[in-house]
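A, B, C and D are the chain letters, set down in written order, and residue numbers restart from 1 in every chain.
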Amino acid sequence: MCPSDAGERRRVALEGRRRRAATCCALLWLAAAAGCGGLSAPQFRLNMEDIIRETPDKDPDEFRITGREREQVRQGLLEEMRREKDPQKIEQLEANFGAALDAGTEEVLKLKRDKIKKLKILNTALVALFGTPDEPYVFPESGLDIKKIRLAAGPAQTVNSNVRRGLYRQHCVHCHGISGDGAGPTAVFLNPYPRDYRQGKFKFKSTEFAAKPTDADLLHTLTEGIPGTAMPSFKLLPLDEREALVEYVKYLSMRGEVELAMARYLFVDEEDLELSRSTLVEFLAESAESWSSAAEHVVRPQTQPAHVAATDPAEKARLLAESIERGRKLFAGEKAACVKCHGPTGLGDSEDKLYDDWNKDKDPEKFGAEAATWVLPRQQLRPRNLRLGIYRGGRRPLDLFRRIYTGIYGGPMPGAGPSPGREATLSEEEIWSVVDYIRSLPYEGQVAVPPPRQLTQRSRQSGSLP
Amino acid sequence: MSSPAVPHTHAGAAAAAPAMPVAKFLATYVFSRDHKVIGLQFLFSTLLWFIVGGLLALAVRWQLAFPWQGMPIVGRLLFSAEGNQISPEFYTMLFTMHATVMIFFVIIPILAGAFGNFLIPLMIGADDMAFPTLNMLSYWVMWPAFVLMTISFFVPGGASAAGWTGYPPLSVAHGAAPASQAGQTLWVLALVFVGISSMMGSVNYMTTIIQMRAPGMTMFRLPMTIWGMFITAVLQAFALPVLTAALFMQLLDRTVRTGFFIPEGLVINNEGVAAGGGQPLLWQHLFWFYSHPAVYIMILPAMGMVSDIISCFARKPLFGYKPMVYSICGIAGLGFIVWGHHMFMSGMNPALGAMFMVSTIMIALPSAVKTFNWLATLWGGKIQFTTPMLFAMSFVSMFIIGGLSGIFMAATPIDIFIHDTYFIVAHIHYVLFGGTAFGVFGGIYFWFPKMFGRMMNEFWGKVHFLLSFIFFNGTFFTMHLLGAGGFPRRLADPYHYATFRHLLGMNQFITYCALGMGAVQIIFAINLFYSIFRGPRCGRNPWHANSLEWLAPSPPGHGNFDVQPVVYRGPYEYSSPETTEDYYPQWQPPPAGQGEASHAQAQQHA
Amino acid sequence: METAATHPVSHAHGQLAHGHGHEHGHLKLHYQPALPISNGKLMMWLFLSTEIMFFAGLIAVYIVLRFGALTWPSQSAVHLEERIGFINTFVLICSSVTVVLSLEACRSHNPAMAKMWLAATLALGGVFLAIKAYEYNQKFSHGIYPRYPRSQIYERPDLEYGSAVRVRAQELLVPLQTAGYDKPLSAAQTRRLKRLEAAAQRSPQEEQAYRRLRARREGYERFRFLQDLKTRASSTQPDVLAALAAEIMPIRPRGSHEHLEGLNDLNPWLKMPIVIPGGNMWASTYFTLTGFHALHVLVGLIVFAIMMPMRFTPDRANMIENIGLYWHFVDIVWIFLFPLLYLF
Amino acid sequence: MNKFWCLLFLAVPVLGVAAFAWAPGAGYWLPRDISDHGWQIDHLFYFVLTLTGAVFVATELALFWFAWKYDGRTNMQPVRFTHGSHDVEVLWTLAPAATLVFIAIYQMNAWADVKMRQPDVPVLAEVTARQFEWRIRYPGADGRFDTLDDVHVVNDLHVPVDRDILITLKSQDVLHSFFLPNLRIKQDAVPGMKIPVWFRARDVGEFDLVCAELCGWGHYKMKGRLTVQSASAFQQWLAETAAAQEATQEPEVEESE
């Protein structure tokens, strides 16, 4: 060390110490302030790409016109002038340009105020009906159990005892989103997308085509997961936690349905919404009714396959083989037309482009630049590859029967059973045969690798074509 | 402070900035070919990334202590829609990028790039590297890597989230992880650039050390720092191209979709991945063939620097210089045949595992020899507790822990239990943070006077050391206990498992320590920048050290030396009975009549 | 405290280099090099050792994948010609010789000769790359690509393969359907076409009608052909699919040089998926290994091209020697690659 | 002040040993071992812990003692001017080398037991990892896989107690790792490979099945459960599960847990 420097250094150090301490404090304070500021309570997110085309930028209280909007108005007027052929009219337009610009801006501002006002009404109505993610609230008319919802809602809390709260945000939110719109941060990378609860459309259930699922159905999905998708099994959560999540899914679904209905009412039908309890309950009632009546629409097969009832093993095998053969014919036949989507070999290699309901209208070509702003761009649907032995809605014969009988709500798969306004295409016996055939497909003799062959004489001659 | 008549004026170049034309400024400070400037460029770039890597680590710690609770600042910026809580794929990205940044952008370049560049020519008595332009390029090739890695944070899907090891198929199949989109490709490209930079550097270092030593500076008179750098360069030259080849293959797998690492019949994200015949384990072999030697790339130079610092402040020759050199060489040699110990659980043939286990256990030997020698160096000295010395001693202390915990992993049956648990995390951080990073801090405090011609503040240096040391051990020693509990790493929420639920409290303790450790680095940053401009000036050899760099002016001017250095003895002749001083610099000729032989030898070489 | 530094290094060997050549005129230092070669050459050797490790990595991967694979295609199955490989090896060895000759010429004060030999090296390197490009093109024309998105290689004739054939057939069928080629010519049209074909002289209108009718006939033939393929590809019978695959691209037995043409060769527009067991892995490794080698050849050629305008004074010999070292290395890598890829 | 630094270095071995002494009592220790082979691993762990602990304490104490004794301010002895000692170097090279070789040989048997000596029993179940679940398949009544009566379960591995259990491990997508902390079993699941795993559980109960290899964003979600039960209970469970899987009618009572 440099002894001659020691005194000097000490002096410098003393001098600098105060300044350093001040800097440290400032930095720590800054970090703390930013940290505390970061913990504001979350809100349900407004995500209605198809109803409200452009939501106001950031602050709904901003009743001003932005420079960008003013520029748009100006460009519109200039475009109008460019299109005008009559020189006199052009002159007139030029003279009134300033006034027209003001009027146009005023018009935009009015629309914007109107939209913001409606959004505020919508928000107030929804908060009144359902509360916030941290403080959920339900009307008794909804038929929901607020205790269960409270267990699932709110910020995630891990406590050392076995009680865990905020389940939705622990297990579900990163895919399904805080408002259940199926657009959490991870969603865009999944195939297929997570379910948007707000549509009220659930695919894998025991009830008729358009009916809501029963609690047991949702619980089943949660317990077993959906094989072949990103939905994992939550079998190992305690039953009460799973039930709480089921209730919360219903809550989000109901809230979403009401939100969409109200938004349509306000923005598409352009009606006024009166913020009274009765009006709100009216909106709620429809959805609540469909949920509470779900159990009445459960599909129960009246028959069961002949081979199930048979007791003699040989007889059982014969009946099963017969049923499979029948199923094979039906699968390829015109009546059931399974091959149209699932392909002649059941690989799900459809020739058509298929989409789910919520993807159908999202044609990027139709929407142009707007498509780039979508959280979830359009995703093509692949029909099931029936040779993998993976069945999304469950692998029991009963599950497969229901899939064929009711079809898949929200997707292009039609039901073969009767539904309101439509005759059944297949009888129950026929459906059971198709089920047997489908269940046999994964085990159908795998294609062995044959030795390489030479080109046959025939094709060598006839092979060449113009 | 009298300094010898300096025949030219470059010595004070750092202070002579004003009124300099832009072109000259660029040539002197930005696109400089001077090894010292390049070294400092590396130093400051890596320190900047050190902050980034540290913040990423703190975010990881937040999630582990307070899972699914609103994260300060970051949560608000990125996840306001999800209640400010980070999402699991973001967490995955956090620890991946923490490791990537720390290893490839901080530790490797700060040792080889910053200290290697700054010290090699000075310590061997050369005026610059053998290829100054190549040297400059080796720094500027890092920039595409920096830029690509930065961009990767902002592409859809975010930065790489396949772990810093980038194991396929997770890193290769596009549907496997949100971030195995563009982020992973950018990650691969960035590492290719890091590889090119390291290759340029290592070839240059080797040539310089082999060919440009001052007269009398035989290989066995090189300071340990230079030995560390030399062997590191050898490791980089021979191991790194294999990683580069593997990275190219991963890149091809990702872009043109060749199938090197993708086996047949995968179904990822509900899509079949059309590929055939590749082997995921192949990547692991190639990756660890580099990355195990890389562990030594990350510590050998620090070991060298610590040897120099300990010897200097114990005022005593380094105990067992040659065994130390042989140990370094032994570590390097064995380092090439132990990579399989990262793959005991990977499905590799268990018989092969047993072989790797034996070689791995044997690599503990040279490390043990080094540790004993450091301790023996302290024995019987006159220890000066300066900041660099404290860091160097804590390096030894922490390296003992890191080294010993390695034996647990080398023992294959124990590894069955502790593989991929926090035991591993504790081990790697004891070696790389408690070891290398403390060595680097020591190095900065030690060579700061040579770099800037000023001293760092000793008091704040010691405060920095004390707090870092306490918080470091609080953070990482506890992780051994987590590991013993089987606590797996890389889980966003380990408390799902009943087995690990009781470990939450300990994780919160670790997080508090980690936050403290992050905060005390502010002291270091302030001390560093304050001292650069306001620290007390010092002379050529403030520590009374022996090696050649202390002959040069502080800071050294262009060309480094104002006198021709000639070396008469090894670098560790402290308290030699031949002289009255307690140090005996390498360049000081022996008094008349003594040591004529070596003198003559030196002349002969000149 | 400056005892050390103020020590007058009286016998210092240092001296000030005044200006000439040294940019800043600082003290020119003496060194004690360990090896009696120039820094440049040492660095080149070290650089080549890193390159050796790079190619060692690639070749090791090839060996592991090849011998770990269930099946590996024979050279004939992937249209690899040993003869072409031989020629290329010869070309590259010659270029190594010419580079040595260039160095010798340069050392013996014969710059013109040196330049000539270097130009020969450049040319031979160019020939190597040209042949390589020809080989690549041959692979591409058979649908063998390093996979995505154009590779049409399937590992075995299974249902997935059948599906791929159907998809491709459908792709080809759609334009035929839109053009209305999905119906045969009516009897009257057939008669008219026959008449027009027979006619010695056709008026412009007749010529147009003739072309249209002929296109329709051919279009319908294609349509039927594709429909037939599609039907056969829909089979679940392994034999049917295997026969289909063999018809689309027959695989020659090992060592056979008989040229077998499949539907894809006879109808280049067809571009049907093909079956080569182990073909994907083969394509991955072949294109990667030869690609990186070709890249190194290219780098060498660029350096040669940069050197061409220089004056080949004897002090340039070092430079030629260093580049030559690199070039020999590239040559040696090929000598390893050739047997690995073409002969075993 | 110098003595303060010495004491700081003394604190390392003192607190280190204290932490390891305190941890087991406070519950921060190896999870309960229920396997037949686990004692070997635990024994090795304690063995290595003792050995390294001794070296740790010795070296750290040496560091402290040298720092304390040879503090430049208080040490008035002249510096021992030595460049090393050949004998000492040989001693401290050979002694650790012998120890390390001993450790290497000593553990071979345990390693072979877990990874190399596969028991000769039929495969009980096939575990296929996928993002982010364990899909488990039992061969069903016919004892063969890939038939219609395979029993499929998710995340819920049941095994009989006190039997040699052989499991085939596969992966459908990326790397996973099959980690049973209580059974001291860990094995990566590698796509394209079938890896056998075997163990023998001694105690009945429910234990965690952990994924220990990064497998994507939902890595932490990949939680499974191992249920060890008596042979009869296991057979009953298997039969019930198989029957439920064949249901063509809604069962009378919703199954509940």
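Here is the rule we use: a residue touches a chain if its C-beta (ideal position, glycine included) is under 8 Å from a C-beta of that chain, and two chains touch if they have at least 3 such contacts.
As the structure is a computational prediction, the values presented were derived from the model and not from experiment.
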Partner chains shared by chain A and chain C (touch criterion as defined above): B
Touch-connected components when chain D is not counted: one piece
Most distant chain from chain B by Cα centroid: A
Chain nearest the overall Cα centroid: B
Distance between the centres, which are taken as Cα means, of chain D and chain B, whole angstrom: 30
For chain B paired with chain C, centre-to-centre distance based on mean C-alpha positions, whole Å: 40
Approximate Å spacing (C-alpha centroids) for the pair chain A, chain B: 46
Multi-partner residues of chain D (each touching 2 or more other chains): 131, 217-218, 221, 223
Chain B, residues touching no fewer than two other chains: 1, 87-89, 177-178, 264, 267, 269, 278-279, 384, 493, 502, 539, 542
Multi-chain contact sites of chain C, meaning residues that touch two or more partners: 1
Chains touching one another, given as label pairs in label order: A-B, A-C, A-D, B-C, B-D
Of chain A, residues touching chain C in the complex: 2-4, 343-345, 347, 349, 351, 387, 444-450, 452-456, 459-460, 463-466
Touching residues (chain side chain C, partner chain B) in the complex: 1-9, 11-16, 24-35, 39, 42-43, 46-47, 49-58, 60-61, 64-65, 68-70, 146-149, 155, 278, 280-281, 283-285, 287-288, 292
Chain B residues within the chain D interface of the complex: 87-89, 92, 161-163, 167-170, 173, 176-178, 263-269, 278-281, 314-323, 345-347, 350-351, 353-354, 357-358, 361-362, 364-365, 368-369, 371-373, 375-376, 378-385, 390, 393-394, 396-397, 400-401, 404-405, 407-408, 411-414, 416-417, 419-421, 466, 469, 473, 477-478, 480-482, 484-486, 488, 490-494, 496-499, 502-503, 506, 572, 574-577, 582
Touch list for chain C against partner chain A, complex: 1, 71, 77, 156-160, 162-163, 166-167, 170, 218, 221-222, 225, 234, 236, 238-239, 241-243, 245-247, 250-251, 253, 260-263, 266-267, 277
Interface residues, chain D side, partner chain A - complex: 131-133, 135, 146-148, 152, 154-156, 217-218, 221-225, 244-250, 254, 256-257
